[in-house]
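The following pair of complexes shares a single chain, chain A, combined with chain B in the former and chain C in the latter.
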Partner chain A sequence: MINSSALTLANVTWLVAAMGFVIAPHVQRLPWWASAVCLAAGAWRWWIARNGLRTPGWLIMGGIAFAITAGAFVEYRKLFGREVGVMLLIVMLCLKLLEMRMKRDAMVVIFLGFFLALTNFLYSQTILMGAYMLVCVWLLIATLIGFNRINSEPTIRDRLAPAGWLLLQSIPMMIVFFFLFPRISGPLWSIPQDGQARTGLSDSMSPGDISKLSQSDAVAFRVEFEGAVPNSTDLYWRGPVLGMQSGRGWRMYDSLPVSQFKYTALSPEVKYRVTMQPHNKTWLFALDIPSSLPPNSFLLTDYQMRASEPVNSLKAYSIGSHVNYRIDADGSPTELQKYLNFNSRINPRTIAFGKEMREKYPDPKVLIEELMKMYNREFTYTLEPPPLGDNPMDEFLFGTKLGFCEHYAGSFALIMRAAGVPARVVTGYQGGEVNPVSRMLVVRQAEAHAWTEVWLPDLGWLRVDPTFAVSPLRINRGMSAALGPVGVFDNMVEADKLGILRSLAYTWDAVNSEWNRWVVGFNQDRQRGMFEGFGIPDVDWRTMAMWLIGGVFVAGGGVGLVLLALAYRNRKSPVDAAFERFCAQLARQGLIRAKTEGPVDFLKRIERERPQDYAEAKKVIDAYVAARYAPTASEASSQRRFIQLARRFRSA
Partner chain B sequence: MAVMLAENKNYPQTDAPNLTLGERDAHAAIRDVISRAGEIILGKDAQIRMAIACILARGHLLIEDVPGVGKTTLSHVIASLLGLKYQRIQFTSDLLPADIVGVSIFDRDSSTFRFHSGPIFSQVILADEINRASPKAQSALLEAMEEHQVTADGKTMSLPEPFFVIATQNPSHQIGTFPLPESQLDRFLMRISLGYPDQSAERALLKGEDRREMVARVKPAMSVAQLVALQKEVTEIHVSDALVDYVQALVTHTRDSSHFEMGLSPRAGLALLRAAQAWAMLSGRKLVLPEDVQTVAPAVVGHRLRAISNKGSTSKSIDPAQDLIQSVPIP
Partner chain C sequence: MGDFSFALRQRISDWIFRARIPEQPPVVLTQKRIFIIPTRTGYFFAFVLVLLLIASVNYALSLGFLLTFLLASMGGMSMLHTFRNLARLSISPGRTEPTFAGDIAHFHLVMHNPGVARFSVGVKRAKLRDAEPTFGDIAPTGSSNLSLNMIAESRGCMPCGRLEIFTEYPVGLFHAWSYVDFGMTCLVYPKPDPGAGALPISATGSGEGNILVAGDEEFQSLRAYRAGDTLRQIAWKALAREQGLLVKEFGTTTSADLWLDYAALVGFGVEQRLARLTWWVLEAERALVPYGLKLPGVTMQPSMGRQHRDQCLERLALYGFQDGTAA
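Take a look at the complex of A and B:
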């Protein structure tokens, strides 16, 4: 039966509010006009419900829907893909609110709301998002409960309490699905063209790029060392190598993968495990210099480690490194030639300076030392360097003398090339903070760094970090020591004399890392490992499906048994149960007894509204009154008499 | 605030044949009282029944309404019809406790103080406009109501039985009133209000005889012994466990709910049960139904509960008693 009376103001308010909760995390990614349309649709729908107006006609709705689609196409230049798909889903769902005329429409909106809640996980899989989505689902269920109440308006408690109870009952099922639902390798939603910008290093560098990154305290990756954590001066996490000097900055060469490792280890291998936050790029980070490779990855000739697919979900890998090494000592002149190129039209003073220095100090080692002294003497390390113009290195070296690591690395590499020494810029992260709770090293975006490598005969590529010359603190003690508080951890330090906040922050970080490892990181491999633990080595999808079905039965049956036991404990007396059956009979005919309506009042209403049932109902109710309220010699017999009558009762 | 009474509920009098002959007389007499009172107070049958129920439950009655709707007439008629000795005390702002209880005067003949009892020594006290008197005078009466005895000159004297007070008062927002505090309101079993008569009743009133003369002519319709017997019978009306559950649920709800400033006292719960018994008896039944509780609840709990006013809500103020009944399911 169509029941538009379900669309009461309270129900609509709940629905609009629940949708608002679900959509809220998406707002930061939506175009402003889409958010505005959603807000307007929600407000409009609420206004309609409040004042009992009519919903807009199909012509208006069609027009709006067409305009939205056109707008989406203009905004994203396509109509398929994660971003545009989610945006269209959100906006169309908000428009659907305006189309609700019957209870069924509201049901559709609520069920799509559950799906929409899920799409938040395409963007974030943190604990907080998980908790927030749980709240969203709770609100949606509470809304659903409101729509399914027939005769009374539930209070907030009447909605939230049963909704929470339902959620609680679903926990065993959730656990079963978490462990047994077949995992697919790689996230379902990794649509390559959808790589959205995330904070992190890129394949090029010009002055100002990394100092921007340094403002971010987002975690780049976490590292668990098998042994002791190496010295902070050795914690150079190698990332993109920028060999091409182009215009104002530096870019990556297109390098080829190497078939085999060529390095001479000068220190024992350090083993560790990296858990990397998604950054939508292919590079992986390892301590300079990796001695082994994780699966599905390769090494380029300039010792960049790359994954075969962009890292768009949490990625963990175990790897080893040598922090002292020698590479490419026998570099071929043609290969090295590309590390000597520069654009001579830009930064003429720097180039002239480089040539001049080479004449002054023919030995490259002495040249490097002299340059380091110069940096140390004349330059200042700052996170907010003044902006630079068309010849940035000239302005930096001979003018402002204020810079961040990319200024030092870029200018140094350019001087070296002008001086005829092969040089390149290496970007990555330097340092990290050990979380005393999880004993893991946390590397944040703020620790992004750029340094240089120069090639010297017999020694090969040698790491030279001009930033170290300017600000040794940066390398020895980390970003915050050099520049004052940067990340969350350090911002707290000032106000946190007792160290409580600090230890809380460490604990929270440790919890996050456990969450990443055990919940988000429960991937296909881990699932297979779990089945191996059950004694099923090469699990196929059929076996997994059987396990899943079995698990669902066990969990569902378990919950069902518990509920049955609870119901048995709170069971109604036979008299109450019989009376309820009797009332249900009449309720089916549309005559619903209010919970606060006494039996005789109810009988009078039956007489008025369903006279055809009156005679039979009177017998039942008289017996009920006798069983429940009258003084009787034999309680059992009067009860039995009532139950018999109630059972026999059939509404006409 | 006006306590509107629910519609008069005439339940099928299925249990009447169970009554014994002597009881029948008393029951017939009380029905007679109700119908004869209805001839004088026109169109107020529900309120008359409620007032009688209050007296059968041995409770004091408070009638609250604007002047001129027949509060005093109703109390006179009831007292006369029940054949009780009654005294009327007009409460004014200069009324002293001695004016109620009585005073000791020096008797020159015997050279002793002799106590001249006040109007309180009577079976029915008609306390007119009780909220016009000072709290001191009010408390003299109210103490007597609770204890059924008065103390004067260090001597404690019992009051006659039956003893009850029918007090009338004007709505407290009227000028020159001392509103009764909650603790004293609680002593009244019921508070009812009469309200304006409807069109036809008003017309009959305007065309009819002078009420004062009619009241003066009223003859008792039953004896004191019959009244006492009925009062005793009220306590014997059957209250099942299921009904006690309901009364308990109601009382508990007022204590847990955020709608009320203060929950009902145990005395209020007892009053509710007693009044429901009286109502059930007036309806000719030997058992109490939840409907009886619901019917008497507005009169019994209306003056004991105060709804917490929701600031910002413009909706009409809800009667706390109705709110209570509507929110507690019958177990």
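Take a look at the complex of A and C:
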């Protein structure tokens, strides 16, 4: 029933607070003035409700709305797109609070509040965000219930308890819908990708890039091996291959996809499954060197694996690799030529050094060995290398001698090219940590690494990792072992002598991994896989619809039946229940009250048949008569008195 | 034609909604007599769910799917809660006090709740676009009295009509309702007309303004005490002289009581006459003057008191209605 009296102070306070909770995670991304407008609108609306003022007229509202739109255009330079759309939705919904005059308006705000809750998932789909949004939905529904309590003011409990029960009862049906509702893959229309920075490797590398990345605890991907986890020294996760030496660093060549694999396997295939966090780039990671490809992906001539679409959401794929292999042993000179180019104007000393070394050691294998010895002898591995100038490699090799993997890989590849040996930089991740709870290998951004590949006749592309020469610990035992704890979290774990934090951290990671597998990563492919698990390969929508209807029937019907059964159970008033307990006490002694026997008659019979109980029973029955037939004013107190007496009664 | 189609629609709706008139109290709202449909808010909610689903598909938001399905399930479950909020309520009619035309008639319904607490249960007149509803909560195993107020338009026997018991609690997505009709009526007295002026001294006479004015009456005689005489009339001096309990009589004539006569009000329409007579009945009661009432075919012997007043007013209310229902 539509009336403005529904907009009580309590209802408006709840609505404004619930909206605040929903909007809160967005504040970090909103322009400051948009947050300020939202805050002001909420406070203003609350003030109107508190003092019974009039809501602002349409002229004021129109003016504000126009100003907001203009501000959005100035801020984002467009009015369509995800970021600006979310911002406009948030601010306009806050303005709608001010325009709210009837219960119906409040309903609109609450329902759009649900939509606003969904926009938070565009930015984060973690367990924490999910739990937080569940709380927000709970608050919104509690607010909704408040608006539907028409004649009486509900207490906080009166709002939260029914809302909580309603949500709990909906969960079985939600689970059925989630797993059985036919999933459509892909966007319904193309979504403009707003530049959303994600941590991860990029298509170029200059000194300092990877060491920056190494400070991040963020998970890059998780791997589940079918057999044993390979040796740490074999865990080279191949990512972008940087073949072009340009300016201060290295970049990717535009390579073409290869139609077939050309490799000689020297070890058995390792099979595993990768679940990758979104990084907004197309590259996929595999152990050197992939032997098969997941669907919708291809391999470039430099053995880089690419997805056909950027990885914007959690992506899982199964794949195999050979950790010992030989590739391109018959490489053509024209193909190899591009791995010999370098810019001769910068880093002149390094180039001269490379040429000089080649003259000294004509055999490339010996040359490589000598260079490794040099790195091992003279250089220091550090996460915080000093900044380098215009000729970074010269300064590094002949000056600072302090570097991270990108310094070693970059300088080594350049020396090799100057020495006339085809070389390229490979970036990716090295190592990973086995979570003893989930048995999965967790690879973090901190494990980002750069190494090199050189081409030798008959051997093809050979992996050479100069970092290994400088700090073997990095490769054998991982980042933390080589450089000490990375990041705040690692520091905490390091300080934790008893291992409690560490085991908590492992458990949390395992929970996250299951969350990713069953919730965030549950897509059309996973759904098909699930139906295959049920023994239904190539499920069609008709079968899925049948399952869905059946599932909803079972889940919804089950909960509904319990709900109605409870509702149809006769409730006894506390007074009646207490009186029945009292009668049951006497019935056990053989004194059964007849259905039509009044309490006073019953007392007379007690006096005759069980005089030993009479004194106590008289107190109880007197209190019962008082409670039952009391004037309404003293009802509650006389009821309490009776219940207390009846509870204390024990037949002698 | 229009009447016919209206009557037909009415019959069909009566059949669908199982109208039995009048019903024997108490009426228990069973699932057979509770109906439920989505509200306009409910349809808007469904539209928002579609938006949520599209956004979830488009941006491949798994948590978006979860949210959409949670809310959809919540909507479905809320239907059961709305139904449960009415189910098993036991409804009986309460006493309806007579009222005057132009005043408010209060119809009462007593709702007993054998189960869990009910909130925001409304009552309104059925089939009326802007019927003003009344809401109430009913505690578990408790009872609640809901009064429905309607303006009594004209004198007679005002039917309450069919009532709609409804609820949209807890979330307003569904409207559950049931009809009850106990054939409740409210007796509506004519609206008293102050234009009638002071009480007519004699209704049997010519009706010339021979009016008894309070305060200047002359003492006439003493007569024996009759039940209903006021203390003011008792002749205390006579009692002191041990002459027995006597009562002083005032007025111009000794033989005739005050007669309020319909026929004497020449030159007025039926309703105007009834309105004036009503006013006089109330005035006579106020002035403590015994009065009789004469309507064509009806004569109420002069008397006084609550019961007499109510009987007279009822005659006035129902004057001209043969079967006691309003025309």
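In this section, the second predicted complex is superposed on the first by the 520 of 652 C-alpha atoms of A that agree within 3 Å, B and C clash if a C-alpha of one lies under 4 Å from a C-alpha of the other, contacts with A are read in each partner's own complex, and residues count from 1 in each chain.
Going forward, a contact is a pair of C-beta atoms (placed from the backbone, for glycine too) under 8 Å apart; a residue touches a chain by one contact, two chains touch by 3 or more.
This one's a predicted model, so the numbers in the text were calculated from it and none came from an experiment.
So, does A:V625 touch the first partner chain B, the second partner chain C, both, or neither?
A:V625: touches chain B, not chain C.
Looking at chain A, does chain C or chain B touch more of its residues?
After superposing on chain A, more of chain A is contacted by C.
Mind working out whether A:S513 is in touch with chain B, chain C, both or neither, as first, second, both or neither?
neither
Just to be sure I read the superposition right, which of the two partners does A:A117 touch: chain B = first, chain C = second, or both, or neither?
Once the two structures are laid over each other on A, A:A117 reaches chain C alone.
So, A:Q304: does it touch chain B (first), chain C (second), both, or neither?
After superposing on A, A:Q304 lies clear of both chain B and chain C.
Would you check which partner chain A:N347 touches, where first means chain B only, second means chain C only, and both and neither mean what they say?
neither
A:E597 contacts which: chain B (first), chain C (second), both, neither?
First partner only, chain B.
Touching A:F522, do we find chain B (first), chain C (second), both, or neither?
second
Which residues would you name on chain A as touching chain B in one complex and chain C in the other?
None.
Going by the contact rule at the top, pick out the chain A residues touching chain B in the complex.
Going through chain A, the ones touching chain B are 595-601, 622, 625, 628-631.
Would you tell me which residues of chain B are touching chain A in their complex?
Those residues of chain B that touch chain A are 11, 14, 238, 240, 242-243, 286-291, 294, 325-330.
Of all residues in chain A, which touch chain C in the complex?
1, 104, 107-108, 111-112, 114-115, 117-119, 121-122, 125, 129-130, 133, 137, 141, 144-145, 147-152, 154, 162-163, 166-167, 169-174, 177-178, 181, 183-189, 191, 312-313, 519-523, 556, 559-560, 563-564, 566-573, 576
Can you tell me which positions in chain C touch chain A when the two form their complex?
By the definition above, chain C touches chain A via 41, 44-45, 48, 51-52, 54-74, 76-78, 80-81, 84, 87-88, 114-116, 119-120, 122, 133, 135-137, 140-142, 168-172.
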